[in-house]
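Structures incoming, each one as structure tokens.
Okay, so chain A shows up in both of these, paired with chain B first and chain C after.
Right after this comes the complex of A and B.
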């Protein structure tokens, strides 16, 4: 029974919070710009590689431990990646603001290829490790076994979600974002600067994507396809939570992450319920089922 | 002479691959170009066609299901037939979804199909794939087998073109255009919109399966990598958009053209470009090297420690993907209807183009 907690639920929560951070960005962009951004996964990857670069640039690296280097490098990477995404938006998405939605989706297809290949050209296609060496796990009550990096990821994800909650509910720009997600025309009539809201959306979504990517790299390895490989799980989380609902996306991410890990637990007999090779398929299956039977998600999101 | 012969064989392979991509593009054109169904799961149907035909015709092997030794045309035909219920089931549940939801769902389903082929070792030999898939005319002498294969593919493309062009101008095709342009009107005219969209989805998927089967027999091998979205889905989309969606000639032209570019940048670029490419990239590299530690930047001089290749050579394939993405953006912004724009049917020609295009994306 303790194996269930140690090897399935805790890793599931970690994976789930990574999905949740990615899904908030997808959900915000969908709510405000009204399109499914297929390049979001590759934005995660880009942010991770930029963070990696910053860590190696930080003069502190080697003097201070990795956690402090990350605390400096990640926010810097969030800003840098955010600026890149703003340039991308200006060049490749903004020309289509008044075009049919589908054109922007296809443009984000192209962006996905461009970001990914740029990463492969600049940093190379090989695997890299954000941290090296093996961490000994912490034990609680002699039975509960947790990796320190997992604790750090969970705490950091919670803090980030708290900040997002504050931004959306207590700041002017956050309220403007919610207003625009509810009704773009009404928002424009009340004098909201929609392009400013769009910029804020990209910055916030990208910042969370960078965090998600870095956590993913800490949990495993860095490779140019890491973001794309979780893209569908991130979409699944956003859809499960109700698209355009950032809080739903948080819940959706956790559900999908835990469901993926639980699918390999030996519920019946000795072998895993589902072969680990199909783990990624769990989120797609949940997503397709949701799209068909409850397209507005668990939390009554939008159906456009 | 030797070299000329090599170029001749290479251009045959260009034609054959381009023709197979043209088949995929024509399939996607039925779904997206005519009916407006955003299928991002081309790779799934492509893989089903490839695997079914390969398993039915490959010699017996203890590693995978097989030993049926059926003739190639029978294998290809069954592969297309198998695709019907699969596409019907997928379409049945997904067809109602709005454009980008449909894209997400089909992309997810294609990934599940890929996982099945990768994990069901007893049937497919997993990641190692099915080899020794028979190739038509293998027994013939060297240039003739390649010529015959290229001809077969091109004849299939021509027949498909004629068939789809007939369908397009038939009442069925006009109804597809009507559904895409103005679904409520088609509904009001008493048409069973969902059924016709499903028909277009299934027919398009069967054509994609045909493309997959031809690919399996041409390269004599199938593995789960064939179902990866980059080459089997996104490239096909770029081909169709660049060629002109809704136009069958455009679909074929886009497939051929993009495949020529794709292939030539792979085969010829490393031979003739390295120096000039290095000159283009070197300034950027120099600037980057001021900021980035030498230790982990691939330098233009030293070979890559992991791949062992000269690093510019190893980067050329990624530059190609970048250029394909950029080409897509340029086409979308500057030539949004592609090289050969859709030839609108008479009855629709006088409707306002802008409102028609807006209607294409309106919620169902």
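Right after this comes the complex of A and C.
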């Protein structure tokens, strides 16, 4: 039984909080700009590589220990990636603001390929590691086994979600984001500066994507396809939570992450229920089922 | 002096022309009502003020300044607030958050203004932290009006504020419209309940097929037999 906790539930929660951070961004962009942003996964990758550059190609890592280096490099990468995304928005999405949605969806699809190719050209296609060396796990009560990086990821994800909650419920720009998600037309005639709200949405969604990407890299490896490979799970999380609803996305991410990990537990017999290679299929199956039976997400009615 | 003046407005949505050379004006501290049959372009005339329409001719002037080609958020900043007929509150925001959004362009402390709104609409004070979408139609309409008043506008545009409301709330809305007007806000409103609306109106315009048909003072229109036949008769309006 303890294996279930150590090897499935805890890693599932870690994976789930990574999906959740990605899904909040997808949900915010969908709620406010009304399109499914295919480039979100590759935004995660871009942010991860920029963080990597800040850590390994500057003297930062030599001066301070890794956790502190990350605490400095990740926020810097959030801002840098956010600015890049703002430029992308200005050049590739804003001209289509009043066009049919499918046009900007396809634009984001093209952007996805362009970002990924740029990453391969700048940093190369090979695997990289954000951190090297093996970390011994921490033991609690002699049986519960947790990797320190998992603890760090879970805490950081919780803090970020707390910040997002504060932003959406207590700040003027956060409330304006919710207002615009409710009704863009009314937001305009109310005098809300909608382009400013759009910029804030990109910055916030990108910041969370960068965090998600870095956590993913800490949990595994860095490669140009890393963001794209979780895009499906991120979309599934956003849909599960009811797309356009950031709080739903948080819950959806955790559910998908845990479900994926639980699917490989030996529930019947000795072997895993589902070969780990098919894990991604779980989120796909959940997404399809949701779209058929509960297209508004698990939490109908309540948006924020 | 006119607060708002529309001159020979022609235009519509996309290619479809709905308004043909419509003119109207609202003077300071006036209540002006637009009535007319369905599809006459009443709401469209209101949207023209807000830059939500493709205008092919005509001008909109606010205090003698041309605002014809301003974007909606700029019109708001000039002191014109607009309450659309439907979708006029943010349903997932609380009542108080709706009011805060109404004050979005304000940079000063608008806390006292929110309190004033709760005094004008006492029902809202108890519902302040409830989602606006969960309120009754009449209360939602009050949120929408309070939200529009947060900017202390010079003129308030109301698009069928009593549509779909019970007679009790209808009377309440008309009372509030008069209250708002009495503190110096000019009002331009589209109304289906023509009799009640003309009762509180200084002047009225009758639009038919996107054209001016008639304009006169409220009492004159009320007593005009032609108007009576067209819009007021049939005893449909018991609440008046």
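What to note about this one:
We adopt the following convention: the second predicted complex is superposed on the first by the 296 of 304 C-alpha atoms of A that agree within 3 Å, B and C clash if a C-alpha of one lies under 4 Å from a C-alpha of the other, contacts with A are read in each partner's own complex, and residues count from 1 in each chain.
Quick note on the criterion: contacts are C-beta pairs under 8 Å (C-beta built on N, C-alpha and C of every residue); 3 or more make two chains touch, one makes a residue touch a chain.
Everything numeric in this text was worked out from a predicted model, so none of it was measured.
By the document's definition of touching, of the two partners only chain B reaches A:57; chain C does not. After overlaying the two complexes on the shared chain, residue contacts for A:146 are found with neither chain B nor chain C. When the two structures are aligned on the shared chain, A:277 is found in touch with chain B, with no touch to chain C. Once chain A of one complex is fitted onto chain A of the other, the partner contacts of A:172 are limited to chain C, with no touch recorded for chain B. Residue contacts after overlaying the shared chain place A:183 against chain C, while chain B stays out of touching range. Contact with chain C, but none with chain B, is seen for A:193 once the two complexes are overlaid on the shared chain.
After superposition on the shared chain, chain A has more residues touched by B, the comparison being chain B against chain C. Overlaid on A, the two complexes show chain B and chain C touching the same residues of chain A, namely 303-304. On the chain A side of its complex with chain B, the touching residues are 35-36, 38, 53, 56-57, 92, 95-96, 100-103, 105-107, 109-114, 116-118, 120-126, 128, 232, 235-236, 239, 275, 277-278, 280-281, 284-285, 287-288, 291-292, 295, 303-304. Considering their complex, residues 50, 52, 71-73, 76-77, 82, 84, 87-93, 97, 100-102, 104-105, 147, 151 of chain C touch chain A.
Those residues of chain A lying in contact with chain C across their complex are 172, 175-176, 178-179, 181-183, 185-194, 302-304. Those residues of chain B lying in contact with chain A across their complex are 38, 93-94, 97-101, 103-105, 107-109, 111-112, 115, 118-119, 230, 234, 237-238, 241, 288, 291-293, 295-296, 298, 304, 306-307, 311, 314-315, 318-322, 324-326, 328-329, 332-333, 336, 357-358, 360-361, 363.
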